[in-house]
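Letters are used for the chains, namely A, B, C and D, taken in the order the chains are written, and counting of residues starts over at 1 for each.
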Amino acid sequence: MTNEELQSYLTERFTEAEIKLGTQYVEMTVTAAALHETALQLKKLDKLSFDYLFCLTGVDYAENMGIVYHLESVEHRHVMVLKAKTADRVSPALDTVSDVWITAKYHEREAYDLLGIHFNNHTDLRRMFLDDSWGHPLRKDYVDEVRIVER
Amino acid sequence: MAFNIYDFTTLTHSIHVGLAESFSPVVATTIEWVIVGVSYLLFVALFGLFLVYAERKVCAAFQQRLGPMRVGPWGLLQTIADFIKLLMKELIMPRKADWFLYNLAPFIVIIASFMAIAILPFAPGLQSFDFDIGIFYLTAVSSVGVIGILIAGWSSNNKYSLIGAMRSGAQILSYELSVSLSLLTMVIFAGSMQFSTIVEGQRDAWFIFSGHIPAMIAFIIFLIAGTAETNRGPFDLAEAESELVAGFHTEYSGVKFAMFFLAEYINLFIISAVAATVFLGGWMPLHFGNLESFNHVMDFIPPVVWFFGKVLFVIFVIMWFKWTFPRLRVDQILTLEWKYLLPINLVNILLMALVVLTKFHF
Amino acid sequence: MSEIREVIINNDRLATDEYLVNMGPQHPSTHGVLRLLVRLEGEKVLNVQPHTGYIHSGIEKMCEAITYPQIIHLTDRMDYLSAHMNNEAVALCVEKALQVEVPDRVKYIRTIMDELSRLASHQLWWCVFGMDMGALTTFFYGLRDREKILDIFEETCGARMTVSYNTPGGLMFDIHPNFQKRVKEFITYFRTKLPEYDKLLSGNVILRERAEGIGHLSLKDAIDFGVTGPSGRASGFSCDMRKHQPYSAYPLVKFKEILDDRCDTLARYEVRILEMYESLSIIEQLIDNIPEGDYAVKMKGVLKLPEGEFYQRVESARGEFGVYIVSDGKKNPYRVKFRSPGFSNMFALNKMAKGHKIADLVAIMSTLDLIIPDIDR
Amino acid sequence: MKSFIEYIASILKGLWTLLVGMKVTAKYFFTPWNHVTQQYPENRDSLVMFERFRGEVIMPHTENNEHLCTGCGICEINCPNGSIEIISKSILTPEGKKKRIIDQHIYHLGMCTLCNLCVKACPTGAIVMGQKFEHAVWDRALLTKVLNQPGSKIAEGVKE
């Protein structure tokens, strides 16, 4: 499907979500509550069949924390972006999608490590790179006076 | 006979007579023991150093490199420098290692190698003892070394060492069979287990030529199984560095490591020397049936040179294996032994027996 | 220790004949500082748990503080064996955001450089694979041939590995006058050496016995785990970004996407060997036709990307490499994410190695071609 | 019987592949003069790096001890690692005007990743990449260098 077809299909299928055409891909933003169900649908629906999660990024949007999922369908070769945000900055939590795409399990661990986003129902949520004593360095409010030299 | 000039019997005999005349029999025998022991020690140490150097140069040539070049001309003193380094290194022992066994293991390994080397005939008269079950003794003694390896792996309190030792145990036990059976093939052909008789039997033609097809098959099997028994690549599972770091000697350092290292090279020498003796005529020069003048020229080359030439050739072939092939997996090693080498070997013994019975040989 | 305790708790205690072995972070076959917690039963691997972070350098954090042209030199240091592709991904992403069209000459040179990097990377992989299998001689043959490519890089780019040759808008320098001659010499040379690789290792009965049927990764698993690159293609996963999202001069050249459906170590091995032939043919198609023109577009002194999100996917030597830039209109990116192929590939290891021997674990890890700085970033 | 033939064939085929591999290594063994080893410290005199090779940042000076650096600080801005520090000073020109010129161009080789951005950005071409690659020193402080030589001044006619 082209981006436009994809956009119209998604709009009619997911009425709750906020769908727009980004710079390259169709972007769909869902609420934290609808995330897991949407992810399942995106993978299961024959016309979509987004079975390949190629990138999972945690982003600190200052006022809220978000996860960006880049999805591709191996069969149809179309790409879309799924976003989920949570306004809770103190203990942000989203549902895991690692049961939908296995690779998300590890990317979520990375996001948890670097941004401190907790994933509900994740089977093995440990820090990926850093020691437990570290903060979450990719958060915008992260300060480290010793190791970061501002210029 | 021309090669009598090179016979050591007169020399050793005169030493013996001289000693017996000047001392009481007990003292004379003791002195003889000491002389023999020291000369073997010296030989092993020097030849071991040379083999390490040769291995490094040979592997460098296979890999389009130069190898050691810094210490001495063409790096000739490199192994001596390495040895001094190993002597000076701190001996580290893991905290929970079994003190007694940990320290015992290198000695077992190296003593087993020394025992095996005693039986080898280097030249006429240059053999420390020559008894009628020589080959039997050799196969028995050469498998003692594995006990040392097992002890080393067990006592190091290291999982890698243990895996390496267990692999080594399984491997050597299996391949001992092939080594013995391929030697047995040749024993049938030679009609003797005594090394001197075997060498004498190859005066006219080396066994690998006179025994033709079965001898060649036995030779190939012996090379493969011998390589496996010395734990060398492609059968170096016991110390597979990409899997087990250094296998059974992971926790050994300094002199104790040097002993394992030396033992490995002595074992390489023993296997090659046995191959040279049993299949390639030992110190016998190359003779062709009725080419009198050719045979005569060959006789002028001393037997020691013949022996070491053959040994070095076999060592080169084994090194060639090591620097060409990938390592086998542990189950493949056993498959190779039990599904390929053993049946072929058994059939080969039958074939050899037929050849001997029908006198279908040269 | 804590992990060991954890495993004991998580796995209803270890059975008496099982034990845990730490492979790495200092282990000859983990190629750097990867640590694998392996649960063994004798020689059999029951479970592999990779632990990362030993060489985490915070590149994504650093990127937030520097400008777009400066990001490029950091990407060199992630997957240092496919530095060109990483550089190119950032350069393409910035160009896409700024809507800059680079001259054809740049596209051609970038593609040639990509393929040379791929060759160099696969050569290194081949020799290291041989070494992991215990054939040490391959290591020197592979490096000997790779040296020639690195010389080409050094002459044109000024560095051998951390090349930093791409910049947003073009290239750092024009190609060196000797470049074409040297590349052609290399191709003729390497076409004589590649069959030797086959003779020495590919055909070898020991290798084939060791690799066949080992480390099975089905197509579904490959997609699920996001295993891309040669490792994914050996499972039949058509994931070549050069075909699916062509960039630079890839739309102009003819090449095959090497796919294999045997899914095992041998397939991964052969896919890489065949890819080397493909890379040679791509370079041959381009090297004589490099168009004249500028080697870079004149860019502004300070690059500011428009507000928005930009994603660029390229095919690096070990899989799909992605750059995701979130820009808020300033000269520094708001968030940069590198989708590194090794990260996704590595976690399929447990799936593949379960039930095989230790030696197979090493071989499987080797065919995944892991570069640890690429995983840790 | 068929399986027996296959068994024998597999042995022979396996042996053959091994021999093919041994032939490759033997070829190199018996042509040792084709070795690829470079004996580094010995070949130092004949070792020439490529002209684009990036070994370090240097500031070429003429024989009159003049360089091209105006002290504008663009290299400092472009450096991703902070390995360049420009210390400038004010002087009075003969015309009586105040002018800022370079005092010290400090270069931390230990922090430099040799990315070439400073050289590319330099408007006057005052700094270039040098070919020296033997940078090992006993003291880390020695890796901090002042690129403009003492007493040097900016060459005539450099556009500011």
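Convention: a residue touches a chain if its C-beta (ideal position, glycine included) is under 8 Å from a C-beta of that chain, and two chains touch if they have at least 3 such contacts.
Please read all numbers here as calculations on a predicted model, not as lab measurements.
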item: Higher-contact pair (C-beta pairs counted), B-D versus B-C; value: B-C
item: Between subunit B and subunit D, centroid-to-centroid distance (C-alpha), Å; value: 51
item: Distance from subunit C to subunit B - Cα centre to Cα centre, in angstrom; value: 45
item: Distance between the centres, which are taken as Cα means, of subunit C and subunit A, whole angstrom; value: 24
item: Multi-partner residues of subunit D (at least 2 other chains); value: 18, 21, 24-25, 36
item: Interface hub residues of subunit A, defined as touching at least two other chains; value: 151
item: Residues within subunit C bordering two or more other chains; value: 137, 140, 144, 200-201, 204, 206
item: Those chain pairs that satisfy the touch definition; value: A-C, B-C, B-D, C-D
item: In the complex, subunit C residues that touch subunit A; value: 52-53, 56, 58, 60-61, 64-65, 96-97, 221, 223-226, 228, 237-239, 244, 308-311, 313, 320, 322, 324, 326, 334-335, 337, 339, 343-344, 347, 376
item: Touch list for subunit D against partner subunit B, complex; value: 11, 18, 21-22, 24-26, 28-29, 32, 34-37, 39
item: Subunit C - residues contacting subunit D, complex; value: 66-67, 69-70, 72-74, 77, 137, 140, 144, 147, 154-159, 162, 164, 167, 172-173, 176, 196, 199-201, 203-206, 208
item: Complex contact set, residues of subunit B against subunit D; value: 58, 60-66, 69, 320-321, 323-325, 340, 344
item: Residues of subunit A defined as touching subunit C within the complex; value: 22-25, 27, 51-55, 57, 59-60, 68, 70, 74, 77, 81, 101-103, 105-107, 110, 114, 127-130, 137-138, 151
